[in-house]
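In the two assemblies presented below, subunit A is common to both, partnered first by subunit B and then by subunit C.
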Partner chain A sequence: MLKLKLKGSTMQKGNKIHLSPFFFLALINKRLLSGYFYIIPAILLVFVLLYFPLFHGIRLSFFNYKVTELEPGARFVGFENYFDLPYDPTFLIALRNTLLFVAGGPTLSILGGILLGILLTQEFKLSKALRAIVLIPWILPDMVVGLQWAWMLQSQYGIVNEILLNFGLMKERFGWLASMETAAPMLLLIFVWKFFPIVALMVYSSIISIPTEIFEASVVDGASPLKKFLYITLPMIRPSLIVVFLLLSVWFANNFTIVFVTTGGGPANSSELLTTYLYKLAFAFFRLSYAATVSTINFLILLAFSLLYVYTFRNVLRGPK
Partner chain B sequence: MSNAPKKLDRRKFLYAGLGTAIVVVGGLAAYFATRPPERIVETVEKPVEKTIVQTQVQTVEKPVERTITQTVEKVVKEVETKFTTIAGTPTTIVETVEKKVEVTKPGATLIDFWVFGGTTIEEHPWLSFITEQFNSAHPDIQVRRTGKSWATKYEEILAAYKAGTAPDLFTTDATAIGDYVEAGLVVPLDVEFPEVLKWEERFVPEIWKNSATWWKGHLYAIPPWVDAFTFLAYNKEHFKQAGIVDSKGDPTPPRTWDELMEFSKLLTKKDKGIYGYAFPVKVAAEPDSDVLTGIAYQNGARWLSEDEKTVVLDDPGWVDTVQFHVDLVKAGVVPPNPLDIGYIETNQLFFAGKLSMQSGASWIPVFPKYLGVPPDYPYDISLFPKRSPISGSYPPASMIMGAMMGMFMTSTSKHKKEAFEFMKWFASEEVLIGWDGSHVRGRIPALKKAYESVTYKVTYPALYNLYHEGVLFKGALQLPTFLGLVEMKEPMLAAWQEAVAGKKSPKDALRDAKTKAQRIYDAKRK
Partner chain C sequence: MKLTMKLNKGEISKRVAIYVASITAFIVILFPYIWTVLNSFKNVKEVNSVPPTFFPQEPTLANLLEIATGGALYRTDPWSVYFMNSAIVSSVTSLLATFISIFAGYGFSRFRIRGNMFLLILILVAMLFPGPVILIPTFEIMRNIGLADSLLGLGILYTAILTPPLTWLLYINFKNFPTDFEEAAKVDGCTQLGAFLRVVVPMSRMVIAMIIVFAFLIAWSEFPFALILLRSSSNYTVPIGLETYISEFTIWWHLLSAAIVLYSIPLIALFFLVQKTFIKGLTSGMLRG
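After this line comes the complex of A and B, so read on.
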């Protein structure tokens, strides 16, 4: 029978609890509960800094709050802001692009990351230098990444056009970020360029942690390099890939700076993401409640995606029994 | 050895907490004990090319100009003395040296003055200088000038107002005046200080009335200058080489759209990478959208119907303006990939000699210095040519303009009287003359007398002539300033982009833009 002896009270399973005025004081004296007491500041911080803004943002989406109406008195509008979304063409473009980025970006990053990660495990001249250099895109601030690519892809004086023209791969200059067809895909590629090194590094670290005996045994069994990769490497690095896929989905969906610096969501809103659109709504158009609505949708997409993902791969994430 | 987690020693825990508290309290006590009295920190930057100004000013002859000349000479001299003190030598070129001058005057009333935007090369040094002049002359009032980002002007001032930390005075884009007034952020100057109405006589009448400083019959801001749209910059050397000159051999800018098309074809030399004309259509926010709006307004278009209930983006004035630019693209006189060209790129290409003409705002002359272009680069600016005949449903505007450095006073200011003293200085002729090109270039000065100065004549010969012909401000309108405009610019510019990219006809693109803009406008009016 569970029995806790606390100063000023007696708790017994199935019995009534009798609390004295000293109960809570006594409670924190017990080692079992004092741990919780010590983490209260951290929990409070998380609530204040994370959950409060989250719930405040969601609450805001049900009001008609304008930054220019600074006095209290925002009108409750229920789901009106949500009902406006399907009629907003810019939102629909931003939603489509965000979904494309969430689904396509991590996939491409992981494919590239696996190839590079395997390359990094090989020992060759300058292989150690390569392991350091490869992280540069990941280390660079988003602002720098955005500016450098905007310059490189500029149609009039960008180096990308210059190289393609000199190699005879193009006949005339092209505005990669200025075309409604290519702006969003180019941004996706910039994102992949930025994020795939971190995948490569995680793949590399996962591969080198695989016991060499397994590979040696497979060689004895006559396994080809492809089979070694498919039946040993890939299953062993799968938990890392699942985690990194989830992280990448969030990073791709929430990246703002690169889009803002390179295309600003244009031309004609063709490269708009939910993050850039909600920024404009909130800080350029002063439509805070509508921006909160778009933000909530972005949050729900990521939440649904994460839950689905975690549920699907729950056995892998749980680890070996 | 046991693996059980070590039990936390409660006494040690309490001692650690107590120790931390003592350190924090001690630190705070030390900070407050050693905290210096409140200081006013003023940043002074080196100015530019003052010697040119002095030479030009000395050539003024008219009696009425002499008064201004003397004033300007005095100011110039003070600038030079000031910067001699700071830098050691009189300056003739731009330098990035900054020096902080700390002025501690206990008991003085502190006026916070925020400046959103402004050019760092010329405008901020000038503002810094005039602020310091004021502070020297007013020991009891000290103005603290703080430069603020143009990009976040709306959110920063409104957030500061909400947080109770708004400055006493601020200068910014006056076209957001509606938002500021409706929020209760700014005070009507004509109500608080009726003497401001007497200042009218020193201002260009059109600027005083039409630069977005008035809202519902009340004056809220003082305009030292305006930015105006739309202008055409042209390369005089290219024009001479193509033989586009008058009987005296001087280049003649196009006056009509047909001439613009014709000249563009003559000036385009693709083998040399030179194109006749380019327009900014990349950036959804200002200035690109304002440049295009200016051309449409000059063609008799408007944003709203006369009763201000309907968005009229489908007016023939708009459709023909977009169609004309689509035709220019199709004629091959515009650099390829026009959607990759914003106001920065047009200026880069123009001042690199790769463009013969570009449309832009009145501040095109600001760019040469930023781009390191020699001061004698052979170019001039003129009003953008007009369609003949005008196709819009409304009277054509000569240009649309707005006070982009309108000085507002906040309702939260606790020292309105003292703040107004600085505003008086800011609106004085001695200060306003600085924007005629003598201290700051690339602005349309609000001071009437600025247009009589030789500095202005030498700096902007074409505009000087237009002013004295009575053309420059004839029919000038203020930049649109209704609620929701910032958001409505997005679909408008998207329509331009879709039409230029050939995705939609100008008519269809503008019809779709009108639908979206109308929805935004209706929502704002609710």
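After this line comes the complex of A and C, so read on.
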């Protein structure tokens, strides 16, 4: 005779411990099942279409496929593709540019974003309008951002040269994206232009969530605006800035479109990123496995920043209380 | 008297500094787009003039009309086809991904599931890496299963790319949503699913609208995957249509800028509709729980 016990799944009869059949039923209870019911579609989609290709790509990097993985004669080559990387000058340029973008881009965006974010907290006639339009560079598709800047920086028809000439800052027209020295820095500035508004908004929303009493107290103590910023605002928004930096690093390392439509990695590969280089390798030079190798390196850079980003969210990840 | 003068002076110089800074900000943020809009009203001669003009000298609607009414310009398929493709793929995938993510976000925030945290971390990481990293294997896989060069394949892929960020934002939203309402509904005889669909979802409708717009924005702007998957021009989305225009020996900038204006108007309009929730949801979801 089994008696149903709601709490505790075991019943004791003398010294023997019997596991009630209800214990197993309790394991697969409704609550648990319905929990999986909610998340399974998303998990399946993400695993099949994002994680499977990711590992498939890493696998490809250990073979020597040229055009397709269906071709005969391809074999496992181990780390051979990886050993080729240091001898590939274009890869080294692309790696250098990517690292430069991943470190320099977020830094510049945050500096610009802090300045603009502080401006957004001020109340003046056009403050509402400024807050409304500030995200436009970020909303615009990469394709649009790339095209309009390519045209603005064009040497003959571009408005940037025209403005600089009119203000006497330049003597003759210059192809900003067509010169080896300026192409990569210009791209970096275009990226920063796209991303600093979102930083500004994050800074703005962090600053307005600081209790006003703190600022009032500092005014009583006679703190200057600069001191107020350095000793109150900056420490308060620092956690947000760290997250922003990680997020921006990932966005900068992931960008493909803007480089693709403005310089295409040129001139002479000087503005190549890992992302544009792997595209060329796979679809123009037909070196599929080598492209997958470059792609894996790009993923490792992303992974480092992603894991740090996940780490900053460790408290949010705890799930239901 | 002297004191107030001094104060006013400081006040005035602060005002002036703010106005100078804000005008600079307006110019930096808006100038490229304004110039593009102005260029779309210029004729072919003026757009390619040296030195360039700022305001159109002889404004014309011809470019916008040519794009809107399907100017093919040496191409077999008119722009309206690209716009239709983009609209279909973006709206279907954003709705589908939101639907899937609402359940996932709620599931993660309410149920103690084995491996919950691990799966959530995988979702969060998947929010960050999709992009050029999976470009090549995705192309291989889609080609092998015959879904390359089809809007169906692109749509499935977009739904997968959209799911992690949407799930994450909705997870944060539901986690901060008080459970009292669901408890009350359950007391009244609702099941967990019923309480979720009848109480939680309707109460989060502003956030869900924001999420749909956010998803639409990503799908509408996406370029790299469309570039590798779509081959025939009847399947092109708008960014691919724009890209093919540059590869000509000259840039058709008068038409390109008109296409850009028509391409970006839906985004800007949608964004202004849900701006407040959008900014609040985005900054809280990306920065903290």
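We adopt the following convention: the second predicted complex is superposed on the first by the 261 of 321 C-alpha atoms of A that agree within 3 Å, B and C clash if a C-alpha of one lies under 4 Å from a C-alpha of the other, contacts with A are read in each partner's own complex, and residues count from 1 in each chain.
Going forward, a residue touches a chain if its C-beta (ideal position, glycine included) is under 8 Å from a C-beta of that chain, and two chains touch if they have at least 3 such contacts.
Just so we're clear, the structure is a prediction, and the values are computed from it rather than from any experiment.
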Which superposed partner A:283 touches (first subunit B, second subunit C, both, neither): both
Which superposed partner A:211 touches (first subunit B, second subunit C, both, neither): neither
Partner with the higher number of touched subunit A residues, subunit C or subunit B: C
Which of subunit B and subunit C A:269 touches, first, second, both or neither: first
First (subunit B), second (subunit C), both or neither touched by A:177: first
Subunit B versus subunit C as contact partner of A:156, first or second or both or neither: both
Subunit B versus subunit C as contact partner of A:50, first or second or both or neither: second
Touched partner set for A:90, first subunit B, second subunit C, both or neither: first
Subunit B versus subunit C as contact partner of A:78, first or second or both or neither: neither
Doubly contacted residues of subunit A, that is, touched by subunit B and again by subunit C: 31, 34, 38, 68-70, 156, 283
In the complex with subunit C, residue positions of subunit A that touch it: 31-32, 34-39, 41-43, 45-46, 48-54, 56-57, 60, 68-70, 115-116, 119, 122, 124, 126-127, 130, 132-137, 139-145, 147-149, 151-152, 156-159, 162, 165, 193, 197-198, 201-202, 205-206, 239-240, 243-244, 247, 250, 254, 256-257, 260-261, 274-275, 278-279, 282-283, 288, 291-292, 295, 298-299, 302-303, 305-307, 309-310, 313, 315-320
Residues of subunit C defined as touching subunit A within the complex: 15, 18-19, 21-22, 25-26, 28-30, 32-33, 35-36, 39, 47-52, 54, 100-101, 103-104, 106-114, 116-117, 119-126, 128-141, 143-144, 156-157, 159-161, 163-164, 167, 172, 175, 192-193, 217, 220-221, 223-224, 227-228, 239, 242-243, 246, 251, 253, 256-257, 260, 263-264, 267-268, 271-272, 275, 279-280, 282-284, 286-289
Residues of subunit B defined as touching subunit A within the complex: 7-8, 152, 154-155, 158, 161-162, 179, 182-184, 282-285, 335-341, 345, 349, 484, 486-487, 490, 493-494, 497-498, 501, 503, 516, 519
Subunit B partner contacts - residues on subunit A that touch it in the complex: 31, 34, 38, 67-71, 87, 89-90, 154-156, 172-175, 177-180, 264-269, 280, 283-287
